[in-house]
């Protein structure tokens, strides 16, 4: 029985395993990505075409679209050149160079289906190439439509996390606190938070990573309209009880915050993560208030103050 | 221990905090939006391009599309003008003014890819500009496709709430009641309701906002085909017990209703909110029935009567 | 206290209320729609443009698209006629009638952006009209793209229900059984069922509708690959205990089946409903087996036999 | 009462029923599909047009699109031929054969809406056909847009399962283990696993299939960034307790693994299944570690080693 009890305790984890690979290794980066690289798959299998194109930065995406447009037209200009430029009617150029660029522009006019018609295919070869190209053009732009929609319509929670976590006075004792807000204008509803403390412990002479789920004052808010200070009360049952700032450092403590909510604009569940390492925790501080009354009975939240805190005397808990 | 018990009670809330910023401040507007403004983010970061275009009213959206169409064509007409209007073949205009407008219409014909061809690019410069424009046109309309789809396919619950909440006779005691119905023709299923009472109380000489989740007669219906009268029985455990209409006013009571359901047409979960302030509650009334037998064994729901109530003697509960 | 106990029992329901509006009224139709009409909303508010276009039958949708195409082109042909047909270059027709139809076809060529160019706008008026029309064309087909995608991508569970429910011998007692299967080729996973019995009872001299949730032998299957016989064991706790076929009739019993699952092809949760009235229940029968071994260790499910049952002696439960 | 206890135990299942149709029959294939064929529906009803086009392999899909493009153009070329080729202006061909192919290319130019215009409809008949064709073209490519988007945006979990399950030493006893990882670059979060053991038992002289849900060391990980070794501890309560490899064979044991997670790129819940038959279980082995420290405090997961295991002495549990 003791065995089982033990086992369960040891095995609390969140997906990063219990091995310590390096001192001061960070599990979750500030932006919520995992500090893990997966390797060893065949190149094609690990490729996720759609996902890459969706997650790519805008300027990269636009450059890519332009480049592909340029390359396809060069390729087709070359094809028309090989077929014979006399199969394109309406040319005005006289040198080969001029004619090649006319073929290039004929290609752009076919691919985009604008088809002015001054330039037009006359022979069989050019007609086939143009038929294929205009169809490729439509399919390509069908793809572009899907990608653009996919890029825009992907719900991504933009949760603003306070730069630092703080250990603050809290109801006659102390609490570990993180402050979050919604950066977007849309409403996040049914927002839940989970706070996990990871630390390094000694198990049979070997360093192992341990995980503790921290109890929260409030696990869920119905609407994240204002800011939410997520509070873990450091009470008798808290694994942070009696830990000094020095202990946080030696135990390589990392606090992983996971936030989950429902985005009303996109009608989908969204997730967000961040993490606070021991050197991102301020002991003896409290967050500065940032809500003030607005016009006509509304309230105003000053999101630029979300990181602000001021010194505060920690009360000794007893 | 008492400390903890206390803590939990104090902290019931739904995301609006416990501070009172102004007398008679409303948390949730009748249309379900929060009465909160988030400020202080850099302009670009707070911008949510897609979300704004999706949530914009139809006439604004159409005006925007038309304006963008007009502006892009004016810009390109100007570009063709700068490149040299002699690079556009097929012009019939003779004055500069006429030629400019022909360049403008050439631009519209390129952007929409209609490309009649009477007007067509002859020189290198105009050809490049036209190749870029027709491609921008396709990408732009790809974007428009995504936006139109996004606008139409966004599931939005259209819940009809009775204008007033009532305190009505209910099974030998009294009940707090709100009546809702689905405005749309589609079915809402697995519909759940939550009723939260917010009121202002005095805590250590300071006004604080308190929240109470109200117990419901029925928390969920499988299908919201008819109307649903959400009932909070004012029994011994109700925070409304023994409260007079005057108490509702002095305590600045606000009832927040949250409704959640699954929209079968869109296959997505939808949320809806509304709120009733003390001055939107009718004491001693009952809702007028609005369901009547229809043809062939069906029933008819008269949605226009959803707000109707009539006087009713409240029974004293004892 | 008894009051409360009572109250909870009385209020079990699934969204149809407890009133009896007509004898033998059916709550849920065989195809799962509710037997309810919502009326009284202003026409525009109750209109759900997108939803109607999505749910419309295919032939109606195609007819609508064709009609709109025809009408828009007629309207624009008329506009070009009013502007003056001399503003359209390239006409070959000589009579007014011929010219009108050329304007009509010029309109189709602009709206679809095919723009051959023999016919092309020369004057200012026709150019503006054509610029507007080709843009409308692109927006219209953007809309069509969204609608077509919406029509195809809407996940709809196609659950096949046995025509009749049966009361069958079951493990030394009897059970109420319904047999379902997935009509589609895709997998339905995490499928849950709920069985609710509605019946009419006498409450203080008035007929009221009562609802009972029936306990199931198995509430969920992980994969609905084969058929699933949903069984309510008629044991001591069952509301069907000791009810004769005659009781089913006089109490106007209706069994509502609700099925919920996750459609792997569409990655979305889908719902399905059906209902069995007293006259759709067979007493003393059992379902005919329909699974047989197939090739290479697979099994074959004969969906055409899903409704088949044969007589079976009911064992008296004691 | 014993009856009921019995019943519940007998009825644990996952959707495949309890009948044994063939010796060594497999319920779930390695790729997660069910080993079941549903037959007997009318052809049209079982057809799922969209689903087939979405799930089709890429080369098949492309071939299909090309074929349809070819066929439609041949059909329209024939229609123009029937109407009379003199109704198409701008032809340069002289033989009937040449003219037919010009009609074919006119068709491609209409369908893709490229409409160069050298070839253009002059008579009424050809104009009508071209108006219909260009509209069909736009609708067809609208469809293609939807399909391409549907194909790309369908979230499919690509979970990598170890080829073999192993029975390994585990905390002073033994454990049944399967190792999984995410093949994709995106994050899978809130990942849950379920392990079901199916085996054939003798019930009243007849072979029946039994199912047991196996307890797991850890049922869920928050993020599947690394690999996850799903462990069923073979303790006193395990149905695998005291079973020899020979028992696994005679009882035709099959282990079904179900994994569920939330795909952050697609914002949707995804499912994955696999199965291990008795001959895919290695007794007395342990998985080779595959995580190693990477650069800058990150860790590297070598996915190509996921199947690797080495011999390990099983400790006798007592």
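Quick notes on this one:
Letters A, B, C and D mark the chains as written, and numbering starts fresh at 1 in each.
Heads up, the rule we're going with is that a contact is a pair of C-beta atoms (placed from the backbone, for glycine too) under 8 Å apart; a residue touches a chain by one contact, two chains touch by 3 or more.
Quick caveat: nothing in here was measured; it's all calculated off a predicted structure.
Considering the contact criterion stated above, the chains in touch with subunit A and with subunit D alike are B, C. Steps from subunit A to subunit C, taking the shortest chain of touch contacts, total 1. Annotation: the subunit B:subunit C pair of sequence copies touches via predominantly different residues, less than half of the used numbers being shared. Interface equivalence for A-D, evaluated over B-D, A-C or A-B, points to A-B, where over half of the contact pairs coincide by residue number. The geometric centre of subunit C is 26 Å away from that of subunit D, both derived from CA atoms.
Each chain gets one centre point, the mean of its Cα atoms, and the points for subunit B and subunit D are 37 Å apart. Within subunit B, residues 109, 113-117, 119, 145, 149, 268 each touch two or more of the remaining chains.
Taken as a graph of touching chains, this assembly is fully connected, with contact between every pair of chains.
Interface residues of subunit D facing subunit C in the complex, by the touch rule stated above, are 3-4, 7, 11, 13-17, 19, 21-22, 24-26, 33-41, 45-46, 48-52, 54-55, 89-90, 109-110, 113-117, 119-122, 124, 127-128, 130-131, 134-135, 137-139, 142-143, 145-147, 149-150, 154-155, 194, 196, 256, 258, 266, 268-271, 273. Considering their complex, residues 65, 69, 73, 92, 101, 105, 108-109, 112-119, 141, 144-145, 148-149, 152-153, 160, 171-172, 181-187, 189-191, 217-218, 221-226, 228, 233, 235, 262, 264-265, 267-268, 290-294, 297-305 of subunit B touch subunit C. Against subunit D, in their complex, subunit B makes its touches with residues 113, 115-117, 145.
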